[in-house]
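What follows is a short report on a single structure.
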Amino acid sequence: MPPTLFIFSLLIFFSSHAAALDFCVANLKGPQGPAGFSCKTPAKVTVNDFVFTALTKAGNTSNIIKAAVSPAFVAQFPGVNGLGLSIARLDLAPGGVIPMHTHPGASEILIVVQGYILAGFISSDNSVYLKTLKKGEVMVFPQGLLHFQVNAAGIPAIAFPSFSSPDPGLQILDFALFGNNLPTMLIEKTTFLDEAQIKKLKAVLGGTG
Amino acid sequence: MPPTLFIFSLLIFFSSHAAALDFCVANLKGPQGPAGFSCKTPAKVTVNDFVFTALTKAGNTSNIIKAAVSPAFVAQFPGVNGLGLSIARLDLAPGGVIPMHTHPGASEILIVVQGYILAGFISSDNSVYLKTLKKGEVMVFPQGLLHFQVNAAGIPAIAFPSFSSPDPGLQILDFALFGNNLPTMLIEKTTFLDEAQIKKLKAVLGGTG
Amino acid sequence: MPPTLFIFSLLIFFSSHAAALDFCVANLKGPQGPAGFSCKTPAKVTVNDFVFTALTKAGNTSNIIKAAVSPAFVAQFPGVNGLGLSIARLDLAPGGVIPMHTHPGASEILIVVQGYILAGFISSDNSVYLKTLKKGEVMVFPQGLLHFQVNAAGIPAIAFPSFSSPDPGLQILDFALFGNNLPTMLIEKTTFLDEAQIKKLKAVLGGTG
Amino acid sequence: MPPTLFIFSLLIFFSSHAAALDFCVANLKGPQGPAGFSCKTPAKVTVNDFVFTALTKAGNTSNIIKAAVSPAFVAQFPGVNGLGLSIARLDLAPGGVIPMHTHPGASEILIVVQGYILAGFISSDNSVYLKTLKKGEVMVFPQGLLHFQVNAAGIPAIAFPSFSSPDPGLQILDFALFGNNLPTMLIEKTTFLDEAQIKKLKAVLGGTG
Amino acid sequence: MPPTLFIFSLLIFFSSHAAALDFCVANLKGPQGPAGFSCKTPAKVTVNDFVFTALTKAGNTSNIIKAAVSPAFVAQFPGVNGLGLSIARLDLAPGGVIPMHTHPGASEILIVVQGYILAGFISSDNSVYLKTLKKGEVMVFPQGLLHFQVNAAGIPAIAFPSFSSPDPGLQILDFALFGNNLPTMLIEKTTFLDEAQIKKLKAVLGGTG
Amino acid sequence: MPPTLFIFSLLIFFSSHAAALDFCVANLKGPQGPAGFSCKTPAKVTVNDFVFTALTKAGNTSNIIKAAVSPAFVAQFPGVNGLGLSIARLDLAPGGVIPMHTHPGASEILIVVQGYILAGFISSDNSVYLKTLKKGEVMVFPQGLLHFQVNAAGIPAIAFPSFSSPDPGLQILDFALFGNNLPTMLIEKTTFLDEAQIKKLKAVLGGTG
């Protein structure tokens, strides 16, 4: 049986594979479009483009929120480009909090692997969905809605949220309101918060104006 | 030339049209799925299903925000079901404000047709994009980001925002935080706002807990 | 409370923001793909990229259709790239007509802001959906279907159509048939129009062959 | 080796398969949504749901266009529901013509299997793309653009167009303009055709008004 | 300040929320379409619809693959319907194997939380991407490609794969080939496996023919 | 009637057409993204970009599978880039076989134009869907599922499969398992095939390890 013949006869298949979009590992230095980054030359792709090891280490929780988020989004993990998902690591020290935030471009599914986490989201009709999750429990957060996670016990908690986009985005409410130059008067007008409250948080979060 | 023959010969085209998804006017009483509502029987569809007249009237701005939003989303305007867009009307009396909010499921493009509106949005990296728009000027707000509109002059303003979804959703920050039973202590923890501030706004917005 | 610590601890969030596709303002000189244009460097994006002012002026209606369309599609308004929508301005002088046309890539939702417009579209089963719209009334036109707008009164009319794509495309029937080098005999064969009729319109619209 | 154990241990896989959307054969009597028809009960699906035999016979070309289109869209071939494609058969007798038309919801790729076909489409910038295709040659027609096919020889021609949607829709220009009750005066206004020409074609195509 | 007035003035917002597709919890008894299941009545949705607890327990690995997959796909976890993601739990006893398989409708991102797992996938050009992952390491598997996971140490391993679809599907190679009535001769012809090998595996996996 | 005026007045339409994404013919040398290749300069596009002639010739079936697949995917036929479909040609000599394979990124619809083909696919629940197709018969293969085609008579067979993607990908089971350096021991573990069987096929298909 002449294998070469067989292999030869299949070359036509392979010719079509050169460009097959099985995957499109991001070339972070290449042009970016609405669908993601341009693809790294397939010939240069190795298994390491599909493996991410930085989530093995706990994030630094020595901060006033006693928490850290370590993303494996397309900017950190180019292998997810175009694949419609990404992941991150959440570390919550005792008393730790992931503040109120949204992901403008993705839904989130979170699994707790250590400790206890009180998680919640708020829907467009302002209903509150609140649950304390323990190890192995999963909660899903629909796209674009305000949500948060809080350590619900005296021990460190760890969770892994996955996202329905390689680039879910992250808008933290306090930073959006108080960590920039959005004029205090406009914040008052659009949030009904008191001037003193706004100025107090701007001082903490580096806001101006 | 025998027209009947011609018409007969085209019937095969028509046979395929019965189910053609040119459009799928929402049957609001029918089952709803992730892609939208089920379709009204095509035979019962009339031009009025594609026309919406409620935006001819100004919304009622006799309220503390001196503003009103009148949506023509799929729930009000079933004709947009499945078509990937919708529209609304914004009325801003002098001093009027559309408070800080997001649309979890759509981008927005707004055109001012009367008066002056100061509009802004905040991106995930907390940059502020702020502009005063006059009649005929257009601003686009990317999906899921916090944004707001404020009357920028002493005269009534009107604008028409369009959306990239028949059902963009709407999450108003103050109602999400203070208009429900989200416990005050959790709001403090996840927003760093002071208890007094939270309780004050809960009192105004009907929040409990 | 050491704010620097707090800010430091959030840097990890920011690291993921560099590439966050909150938006992708078109770089019209960069490569274009099926999903749109490549993105302008985020660092160079300003609020003006999200604001479009050319619709403040009426289009020139001194022409035989007594009408003008001023688009704010991605080619004119790079800020809408990747955001799934766009807008335009319609000016119809008395007797003005936006001729029969289609948008191959988008549905349209139109709001009248001045005057009276008779609008209509034709579905795949050849049903006609016809309505005279007055100020504030909205009509939706499903993707890809033939439609038109006609001034329905003796006064100028203005409307703002929005689209479910940054690049809806526009195919005007008369220009497609009579404004190019499509051979007269082929037009006869495929439209059943008479030769004389075709040649007459080619003369007006600059067609040859 | 205890196979039963093995099989038992895999049941958990199967439990998830009940609802697996490998496919969603259309239940044409069930509710229809923007994404297509509801699914036939998986238990009742057989191989025949995925096979379509009606394209074996030539369509009836004894008509004034000397042509026929036999669709295998979702309405005729429920198996394509939700799968993103469909197919049809084109029969063109000598002198046969598929008149100018669009598919509002899909691109088309056509392969000629017998005879010679002159095919063309017109782009939004009114460029004409025209080619005579022989057996085995393929042409692609981008979504929503006007296009047509004409028998280019004295012998019968057959082609199989495929579509990027289970329900591409089909709008035939002449039927849209002249095969319904669209008022003659409106057709004149929006197409610049002469009244006599319009009335002549309405008479042939069964139009009124 | 009259809160009632304020609340009243916002009712118009709420009117649009009734149908807001923030989420669409699956009604597993309702009709299913290409985009997923129909939605559970919003009024009956509770936080428990968004929480899944069955992954807290290890799957039963007392079987010949010494492994178990516990899915939280839409059929098990209706809350993910329409949200574009899902999750599962992998348990691999020492010597455990998740056999060669594909997910026809989703990409997968897997994080190891205990032990060591040798994971691999094969691309369309037949390149092999192979890596041994330890606790906290992540690997992504592009949609539709053959892949597998093997316990790479003498201790139990646990991992959580997430998917870019609520219903990724799962096709296990051995079950597809040997666990049904696909005739032995056809398997020989299409896989080049020897008859004896095929019959041996059919005996184990319950295949016939 | 001054045509120049008319034409002038329409220029504004045309200005928007330069970038209209009617189509995006692939520039195979340009950057590639998740949505496909970057677009060839519209000015350089001709009708030949939309026509593919290589399927006129039979593929070479002088090989051990007595079959050939000739793809017209985006890599061979740049005109389909971004249009959501592609096509190929299947040649099956007597005894010819298209081995068990999947298309990770597309569904397939196949029409037989000569001879008899036994086609089949296997669903996620391991059901087998098997049919012998004759000239003019169509079968659809849902995305990502294992399927195959076999010549079912003593005469040459020809078929044209179309795909719901310009780049469906193609993973041939035997090449994925035996045509690379995937270690024999891993294949044994993940497929339950015997070592001898694996080594025999590696020898034929050029596999190592």
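Labels for the chains are A, B, C, D, E and F, by order of writing; each one numbers its residues from 1.
Here, a residue touches a chain if its C-beta (ideal position, glycine included) is under 8 Å from a C-beta of that chain, and two chains touch if they have at least 3 such contacts.
A quick map from chain label to UniProt name: A, B, C, D, E, F = Germin-like protein.
Nothing here was measured: the structure is a model prediction, and the numbers come from that model.
Peer 1: Name, by label, each chain that touches both members of the pair chain C and chain D.
Peer 2: Touches both chain C and chain D: B, F.
Peer 1: Can you tell me which pair among D-E, A-E or E-F shares over half of its residue-numbered contact pairs with C-D?
Peer 2: It is E-F that reproduces the contact pattern of C-D.
Peer 1: Would you say D-F or B-E is joined by more C-beta pairs in contact?
Peer 2: Most contacts of the two pairs: D-F.
Peer 1: Any idea how many Å lie between the Cα centroids of chain A and chain C?
Peer 2: Centres of chain A and chain C (C-alpha means) sit 35 Å apart.
Peer 1: As a quick test, compute the distance in whole Å between the mean CA positions of chain A and chain B.
Peer 2: Here chain A and chain B have centroids separated by 26 Å.
Peer 1: Note the residues in chain D that touch 2 or more other chains, in rising order.
Peer 2: Those would be 17-18, 20, 22, 31, 33-37, 104-105, 123-124, 130, 142-143, 145, 169-170, 175, 179, 204.
Peer 1: Can you list every touching chain pair?
Peer 2: Final set of chain pairs in contact is A-B, A-C, A-E, A-F, B-C, B-D, B-E, C-D, C-F, D-E, D-F, E-F.
Peer 1: Quick check: in the complex, which residue numbers of chain C touch chain A?
Peer 2: The touching residues are 1-3, 5-10, 12-13, 15-22, 24, 27, 30-31, 33-39, 81-82.
Peer 1: List the residues on chain C that touch chain B in their complex, please.
Peer 2: 14, 17-18, 20, 22-23, 42, 46-48, 50-53, 55-57, 72, 77, 79-80, 83-87, 89, 106-109, 111, 113, 121, 123-125, 129-131, 133-143, 145, 160, 162-165
Peer 1: Considering only the defined contacts, which chain C positions touch chain F in the complex?
Peer 2: 28, 31-38, 59-65, 68-71, 73-76, 104-105, 167, 169-170, 172, 175, 179, 203-206
Peer 1: Which of the residues in chain D come into contact with chain C in the complex?
Peer 2: 97-100, 102-105, 118, 120, 122-124, 126-128, 130, 142-146, 148, 150, 169-171, 173-177, 179-182, 186, 189-194, 197, 200-201, 204
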